[in-house]
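Report on one structure; see the data block that follows.
By letter and in written order, the chains are A, B, C and D; residue numbering begins at 1 in each of them.
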Amino acid sequence: MKEKLITEFLGTFFLYSIIGLTAVLGGAGNMAPLAIGVGLAALIFASGHRSKAHFNPAVTLAFLTSKNQPTKEFIPYIITACLAAVSAAYCVQFIQPEAIAEIKLSALGLQHKDDFQLIPALISEFLFTFALVWVILNVAVAKGTQGNGFYGLAIGFTVAAGAYSVGSISGASFNPAVNIGLFIHQVIDLKILITYSLIQLLAGFSAALIFKCIEHKEAESCSIES
Amino acid sequence: MKEKLITEFLGTFFLYSIIGLTAVLGGAGNMAPLAIGVGLAALIFASGHRSKAHFNPAVTLAFLTSKNQPTKEFIPYIITACLAAVSAAYCVQFIQPEAIAEIKLSALGLQHKDDFQLIPALISEFLFTFALVWVILNVAVAKGTQGNGFYGLAIGFTVAAGAYSVGSISGASFNPAVNIGLFIHQVIDLKILITYSLIQLLAGFSAALIFKCIEHKEAESCSIES
Amino acid sequence: MKEKLITEFLGTFFLYSIIGLTAVLGGAGNMAPLAIGVGLAALIFASGHRSKAHFNPAVTLAFLTSKNQPTKEFIPYIITACLAAVSAAYCVQFIQPEAIAEIKLSALGLQHKDDFQLIPALISEFLFTFALVWVILNVAVAKGTQGNGFYGLAIGFTVAAGAYSVGSISGASFNPAVNIGLFIHQVIDLKILITYSLIQLLAGFSAALIFKCIEHKEAESCSIES
Amino acid sequence: MKEKLITEFLGTFFLYSIIGLTAVLGGAGNMAPLAIGVGLAALIFASGHRSKAHFNPAVTLAFLTSKNQPTKEFIPYIITACLAAVSAAYCVQFIQPEAIAEIKLSALGLQHKDDFQLIPALISEFLFTFALVWVILNVAVAKGTQGNGFYGLAIGFTVAAGAYSVGSISGASFNPAVNIGLFIHQVIDLKILITYSLIQLLAGFSAALIFKCIEHKEAESCSIES
């Protein structure tokens, strides 16, 4: 399991580094969502074969729910993702101290603190975390796509499209580990960190249930329907 | 069939959500066509194996015409796509009520209502819906590309290129279900909704006929030529 | 052969339509090269299996030179590509007559007629047409990449990178058929049309020679070296 | 080996040409990192099957370290990459002499010479050269991804994401051969050329060690751990 955790750490570390440097610090302007999406695609292609490339506790929960992850790996995966995001956040802060000092809620497309509204933000996070997990389960564990070579692209592109869609509404995190990085960078406060994380986990859980139900249907009836 | 329809609903719902949030509300600026294209690619990769990932009545008509869709699925697929677009349109409206209130024909690159000219718009919709369906049939059902792993990219990229090409002329819908979403968002009126839908269905039908004819040629002669 | 020529016509028609609408008319701004690149990728994925998706006389010459094209198809392919570009140019002109009237050499990144210098432009066209043909031969006919599913991406991305590189120097045509479209749209004059076409054909021929030489080397010695 | 070196030369020549024309000369604005990333992807897809498509001495060192490169090819590969970058730099300079004359450290996102800070720049180069080599080894030589068709995309996208992340901090070279091109174009001076090259080689070496260790773990214990 050690190799899996090192791989998850590296992937999540670079994922949040890219997010912090392009979107939080605004270095990539309107290209940040695409930069994050293609970066994520690359990291998934590099680590999927070894650790399944979660980089995201909501994904780990969905893999557990759909019985694609051993229970004993659940907590270690989540701790690793959070540690990696924390490390990346401090690393970005070390590289660009002045830039970080200027951010508050103004990052990730949330141009003015006043623009932020919690309900639309939570719906946005739910919708696109759901989409993300639904795409992941379909390209990474569904029988119908076994052996495909597009999983990294599908997942990275979902994040890019989601970030262009709701970046200016919620900041487009879709990931409890990313929330922690955003919290360290003072993009979101503790209340948002907690509510985002809960809604993202709920979205991952829901997507996994629906996926499991549809996937099983082909063979037998599904408990939600019966 | 229930699993197919749920999958079509989810795919079309997210497709129009992305269109509404990035292009209609203008959240992604000049990146909207790319965001829609890569988002569509991801959604197709996630659902193609189960429902063929139409998300578009013009595509469903083309699959029927080229005998790649059972007749009994024709109406349910079209109703599902339209319902999904309606749901997504109201969902986007719920999340961003003020933003929606400001749009009229000004969205999707149609900067001024005066710029809109029906004939160029209809030609544009015909051309790129034709291209879209022609690409879809060639990457999704042609024998020569069987088992390929690029179908999602090919289709999503066609929409992106088409939207960059004619977004400022027609709004780049290429999809009767998307028309309904644009109508709810008051980007297009009822007359445009109907004419766009007819021309898109005609484009899908034409592309399917030409595809069928070329595809069959390899074995036997084609009725159009004889 | 009729199916191949119809396929080449459709592909080249849409390729120049996208070029005309995004780059010549400037509809896609700084995104035009990417729009053209991903559009080309999609068109190649849709037609490669049937016609090899040349869409470009310089590519047809390179296929002939490297013995990957029957001699009898050489002239029909070139005529088809040119006819398709002419049709697309007039189609774009019909859709956007006022926009077309305003262009001269100012299109395709050539902001001021004064900026244009023939020698740098010819070198640019040589270099990136060479790169384009070299990439095409390696992903479409080399033994080492047989059965790959990335050929469309590799070719489309080469054009995108090339257009970002030399769009402001030469207009980034890389294709004698595209030259004709640019000539109809008055982006280039007859002298540039002819010199561009010659240098592009030379680039395609050179790339094919080097490719053939390297490819054969694995088995036997190469005439250039001996 | 001659075919490999010609292939490496062509790939590195076009890679630095694209970098020079889009990023150093600023021709592609905010799209430069993407143009470089997709261009690199295309070049890798075109040459990977013949020469492994290093185009980068830090990658060559990593291949040697992880025992994926014969020792006798080490020096020739590095010399070839450097010669190609030098040729491309002078070629770009020949095409655009006035543009080149205006650059100093202001290129590649380093807007003002004063913004440049060596320590953050070195950390940035270390981090993303590490990521680049880690991705390359995992998609090009790891057993778990054998026969994949996404290697070019994964590598190109890593460079794009890295360039969007640290382009404004270090210039995003990640490649000692590219350093030489940047030096000729007076983007960096001799001190930066040397420190960048050392840190990039160290990053490549570190990534190769960690990769080797994780890869071997599946079978046996790893010397770093024991």
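Observations
FYI, a contact is a pair of C-beta atoms (placed from the backbone, for glycine too) under 8 Å apart; a residue touches a chain by one contact, two chains touch by 3 or more.
Bear in mind that the values here come from a model prediction, so they are computed numbers and not experimental data.
Contact with both subunit A and subunit B is made by no chain of the assembly. Where subunit A touches subunit D, under half of the residue numbers in use are shared by the two copies, so each contributes mostly different positions.
Seen from the Cα centre of subunit A, the chain whose own Cα centre is farthest off is C.
Subunit A and subunit C have Cα centroids lying 39 Å from one another.
The geometric centre of subunit B is 28 Å away from that of subunit C, both derived from CA atoms.
Across the assembly, subunit D contributes 30-31, 34, 149-150, 153 as residues in contact with two or more other chains. Under the stated contact rule, the graph of chain-to-chain touches is a ring, a single cycle where every chain has exactly two partners. Contact between chains, per the stated criterion, is found for A-B, A-D, B-C, C-D. Note for the complex: subunit A touches subunit D at residues 2-3, 6-7, 10, 14, 17-18, 21-22, 27-32, 34-36, 38-39, 41-43, 45-47, 49-50, 91, 94-96, 149-150, 152-153, 156.
Residues 30-31, 33-34, 37, 109, 120, 123-124, 127, 131, 134-135, 138-139, 142, 144-145, 148-151, 153-155, 157-158, 160-162, 164-169, 210, 214, 217-218, 225 of subunit D are the ones that touch subunit A when the two sit in their complex.
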